[in-house]
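Labels A, B, C and D are assigned to the chains in the order they are written; within every chain, residues are numbered from 1.
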Amino acid sequence: MAEYLIKNGFVFDPVQGIKGDKTDVAIKDGKIVATTALSSPKVIDAAGKTVMAGGVDVHAHVAGPKVNAGRNFRPEDKLFGYKAQTGIERMQGGFSVPTTIRTGYNYARMGYTTVMEAAMPPLYARHTHEEMRDTPILDQGAYPVFGNNWFVLEYLKNHEIENAAAYIAWLLRATKGYAVKVVNPGGTEAWAWGLNCDNVHDPVPYFDITPAQIIKGLIEANEYLGLPHSMHMHANNLGNPGNYTTTLDSFKLSEGIKPNSKFGRDQVMHHTHVQFHSYGGDSWANVESKAKDIMAYVNSHDNITIDMGQVTLDETTTMTADGPFEHHLTELNHLKWANTDVELETGSGVVPYVYSPSIKVCAIQWAIGLELALLANDPMRVFMTTDHPNAGPFIRYPRIMKWLMSTEAREQQFDAFKHKDKVIDATNLAGIDRELDLYEIAQMTRAGPAKALGLAHMYGGLAPGLEADVAIYDFNPNEPYAPDDIETAFGSAEHLFKTGVQVVRDHEIASNGNKRTLWVNAKVNENPQVMRDVKEKFLRYYTVTLNNYEVTGHYLPNPYVIEVDATQ
Amino acid sequence: MAIRVNLITGRTIQQGVSMEAGKEKPAYTTACGIIELDPTDFKKLGAYRNTNVRVTSSYGSVVVKAVEATQGPHPGVAYIPMGPWANMVVNPNTYSTGMPTFKGTPVEVEVAKNEPVYSSLELVRKACRGELA
Amino acid sequence: MTKTVTDVICPFCGTLCDDLEVVVSDDGKELLEVYNACAIGAEKFLHSQAKDRITRPRMRQEDGSWKEISYDEAVDYTAKMLADAKKPLMYGWSSTNCEAQSVGSEIGEAVGAVMDNTATVCHGTSLIAVQDIGIPSCTLGEVKNRADRILFWGCNPAHAHPRHMSRYSIFPRGFFTGKGHTGRKVIVIDPRPTDTASLADVHLQVEQGRDYELLSAFRIAFRGEQLPDVVAGIPKEQIYEAAETLKSGRFVIIFFGMGVTQSLGKNHNIDIAIAVTRDLNEYTKAAIMPMRGHYNVTGSGQVWGWLYGFPYAVDLSRGFARYNPGETTSNDLLRRDEVDAVFVLGSDPGAHFPFSSVKKIYDRPAVAIDPHETPTTEVCNVHVPVAFVGVETGGCAYRMDNVPIETRKVVEPPEGMMTDEEFLKHVLARIKEIKGE
Amino acid sequence: METVTLTIKNQPELFLEAETIAPDAFAGKKTEEIADLTVYVGRERHRLGDFFEISGKAGATPEETKIVVNGDLSRVKYIGMKMTGGEVVVNGNADMYVGAWMQGGKLTVNGNVDAFAGTGMKDGELIIKGNAGNYLGAAYRGDWRGMQGGKIVVTGNAGSDIGTFMNGGEIVVGGDADVHVATHAEGGKIVIKGNAKSRVGGQMVEGEIYVLGSIDVMMPGFVYREDVDVDMDGIKGRFALYEGDLGERHRKRKGQTIYAKLYQRIEA
């Protein structure tokens, strides 16, 4: 493999604590190495430019059945937005739900190299892997959903942590999954009867368990196994006025639990797209930001990480395993609604949504997301996401950077709102003058998510030994710039290296890369009861046989297995 | 004597089995080279069961064997299992949806005792070469 | 000695049963018995053993007779035909695996083809409806475990999806449906008293072609509004009663088929059936599902979905993907003379398109890839026989509820025979050569 | 206003995709530059000039540009697509997508057009002096924003699916209409001067339909309210007013449910 020396760039690397100093970065055999280890490198002159590790997205919906449902049922999302094939680039299409090819290329164009698919229905794991396989460049993993799974509900009803853990280990292996995802715990099972669980104490119909028991039990099972990532949480009551209390109740279920992981993470719960969970008021008429309350809790509890779920004010496509929420949404906007309930496991819904700057609630949502990041004491625990494509498409990350880094940009956006004054009244953002710097941005988009994923040994920084995922942006932080310069520069990386391969050269896609799929192989003690339960449920309730369930072989042409030993 | 009926097409299990066994085989013709008519329509037509009939629509014409409806009664509605015979006469209009109107074609059925029911390959071949009457 | 292969997936219909048992000879060359399959599925496995099977590519001669050619010659002919065409149609893609669909898509991109699958004459209009109104649906296990109201509208699983009723819909005992059949109410709406209707509690014999009006009447009945005395041949009392039966269920599932997708109104019939399902979710839980025909038509819609964003009728001719049924659909393209070559794989348009379209295939350079001799091979210049997917080679397929299942190879194909995927890879390589890449 | 005249001299082997035949593409260009505009036949790129004799010159802006297209254009798609201003006159039959996504100006076809004319139209005037195909003034697949504004006038008949997902504007059909009129419409006005078949106003939320002739099968969700006198744009007479679609959702204004309105003439 070629050696590269990236010289004289302004480097931002939270892993090594480098805050914009002129530093050289050396690449050899797919890894970052000491500059002295190079023999005859190709030299990239990065003088006057910004150099960071490849971006890491902790939460995006980019592959799998509901993403494809979103593509296939929205031809209008692709109208006139296509990009023709040129050179090595295959055909690309789609705005809010891009094709897999465009997904890979567009992340790379922003300098991102690792993207986690946030919700994989286990029965559809093959589909998810097929899409990831056809997403070029990126390293990816997918989180199977557990929060409404019948095995989990039955084990945790009786607090059988060891059995739950054995089942999790089995399912991660069967689906080639990466982490434990929880979406509206109990609520999606309730939705299979057209019902929901509105708070952490609202019991799940028939199963005689509360969301609180599911959440706490899954955190404990996750720590029992010592998985790389923590339990990854989408709480009950998403998107409703007054829901911040449910969010705080959910946070509190992690209290007193310490991480048990040799992968270097400090949290036991990652709560995702918190913007959607930080609403006060009791109706859409008086909805208001509760980001301060939420961040007061997050700032004072080290065992929690969160991501933003920033609204980008675009027309987009919402999609989530929170089936009842999507039904609620289609009742509000009357747009087309797709739903799939998945036997014994989960559900999902998809509805297009227009976040209009002329609608007060949309503007309030926009402000809340930014508040979360700007009120964060520790940017290593608060990550940039749009819950793509739910709050907006991921291609807006550079715009979010602009908003976070510039009060001027925020003021411009406030001025563009139809109900500016009401929005200011209902939120805190206008009173926040913090402007994040690129080091903090690197924490929120690189080092932080990598650490929370238990992948700090691979991603998120530029220390020797890490994967050679390196982005170079045409942006000089030491010279004056307009807010829009940030969006322009970080929307189009000048160069990008992914595991040592140059995938973007002079702002153009230069290679389809060497994409890998990450999954976690957790070894546990033999558990005959769980295996008996698995056989029984497949025999009686599933519509595929057990022998046809496991994802194998060619679905992961380039797997990267993370081994965990939880035998004891 | 000719009767007018509303033609629909679709799957039958015999159509499925014989199709998988080979569309070049006689069993496929037996399964699909037929028209299922309601007993009342047989009466109007004045024909015995298992008589060859010519089915004609605005879009084409085909000879098939008339048999009694297996899933009836459905007076005024006739059924030819999906396949090349039905497709000689169905309405190809897609109404700009891509989908021909396979179901609901007005057809005329008349007795054609002495005309043969062609096998699927013969039928398509002859029709393409303009060799059908 | 023989051996039994279990958990075999049936590559016939969208039911995609995965519990077949197949007995093969010890050397894996002969398939002897098939258990658990329906009559059609069993025939599909057994036909692979036919002694008169065509095992080498053939080219049509001037006099209309066939001449055997090599796979290399077939690859070359196909590649040249596609590379020479300004706008070739690549149709079928339903009786094959996702791996072949994926390679076929790369060919389509290379030559600027229109890619269309059998949905175009099957559930294409359902896909249009889903684009207009969405679709609340579920997996088949949800039906088995929860559904107590089963409505079959314009479909006849007793003939088209023979094991559907026993595996998923009418008869099975599931987690919340321990009583099986007796705990469910079954309604069939069809212009004929079909064999499926004979298993139902209620059959409404709708006037053919008036499904849209009847479905609309259900919506009116749900809201308690006034109905005309008779709609689509059904007295209003029966409509109110059926509407009440649905509303009073705990979990309603509507299955629909060609009876509505191919009748007057087409996508609108499905659109309003989905609206009925949406309405029912105001009162109870309801889902709706198309009875997909070919065992992997769903898969090709998924593969094109993630590659192009459209489930069928994808026009790649300008270097990017466009979609508009009525323009980019096979029968419209053929009728209007919009395409200048036809490639068929995994389908039989010769048997299943209106004859006016079949004639257009005959009038153009055309290649058919199919294990069988069919009316399509009859109108093509070259016929390339291939191994049966799901019998002689494996690969991914998607069930009618979009659940992906890996099909199994149970027996060796005849000596020297290519699979779809292998043949397509050769064609792709040859096209790249021709185009000088 | 300057005029550019195109006369077709070579028919395409397949179909010609010519979205460049629009005042927006021509404005500010000389004849030779217009001839160099790109058109497609399948995957092949060609020059507009390969298929048309081109004379005259374009105005500086679309508004100052008139295009006259002569000859048999029944194999030419996308004429006037997305035009924002100026004028296009087609002397002959044209294929699909005439005036699709049109935003302004005037487009006249002295002949018939195929399907998808005026798809997703926002504004402007589209006049078809012959018959129109299916999906006249309808939404693009999946889009809930169909025709938003402007006016379409067809002298002859129109096909199925007129004004699907219509939100505004007006469509007038001089002759008969095929099945499905104003399906899913939430606004706008459609006038059918001849006869309609069935599925008139199915799933309609809001908007108006006038039918001067017969309706083969009325939707069950349209209920007769009263007879009213209409005198509108030269249409006069006594009409039966139906409201619907009763099966569909409707918004309320001041406690009153707003239905879609279907007027059928009972006497001239």
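By definition in this document, a residue touches a chain if its C-beta (ideal position, glycine included) is under 8 Å from a C-beta of that chain, and two chains touch if they have at least 3 such contacts.
Note that this is a predicted model, so its numbers are computed, not measured.
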Chain A omitted: connectivity of the other chains: one piece
A-D compared against C-D, more contacting pairs: C-D
Distance-to-centre winner among chains (Cα means, whole assembly as reference): C
Between chain D and chain A, distance of the C-alpha-averaged centres to the nearest whole Å: 44
Chain C and chain D, separation of their C-alpha mean positions in angstrom: 34
Whole-Å gap separating chain B and chain D, where each centre is the average of the chain's CA atoms: 39
For chain A paired with chain B, centre-to-centre distance based on mean C-alpha positions, whole Å: 57
Multi-partner residues of chain B (each touching 2 or more other chains): 95-96
Residues of chain A touching at least two other chains: 73-75, 77, 335-336
Sites on chain D at which at least two other chains make contact: 115-116, 134-135, 140-142, 144, 179
Chain C - residues contacting chain A, complex: 6-7, 9, 18-19, 98-99, 102, 109, 127, 130-142, 144-146, 167-168, 174-176, 250-251, 278, 281, 284-285, 287, 301-303, 305-311, 316, 318-324, 396, 398, 401-406
Complex contacts: residues of chain B adjacent to chain C: 6, 8, 10-13, 15-17, 19-24, 59-60, 69, 71-74, 77, 79, 82-84, 87-88, 90-92, 94-104, 120-121, 123-125, 127-128
Chain D partner contacts - residues on chain C that touch it in the complex: 85-87, 111-112, 128, 131-132, 210, 212-213, 216-220, 222-223, 225-228, 231, 264-265, 268, 271-272, 275, 279, 317-319, 323-327, 336-340
Interface residues, chain C side, partner chain B - complex: 12, 38-40, 43-44, 47, 50, 64, 120-121, 124-125, 128, 156, 158-160, 162, 191-195, 197, 205, 208-209, 258-259, 261-264, 266-267, 293, 313, 325-332, 335, 348, 350-359, 362, 372-375, 378-379
Interface residues, chain D side, partner chain C - complex: 13-15, 17, 40-44, 96, 115-116, 134-135, 140-142, 144, 165, 179-180, 183-184, 198-199, 202-203, 217, 219-221, 223, 245-248
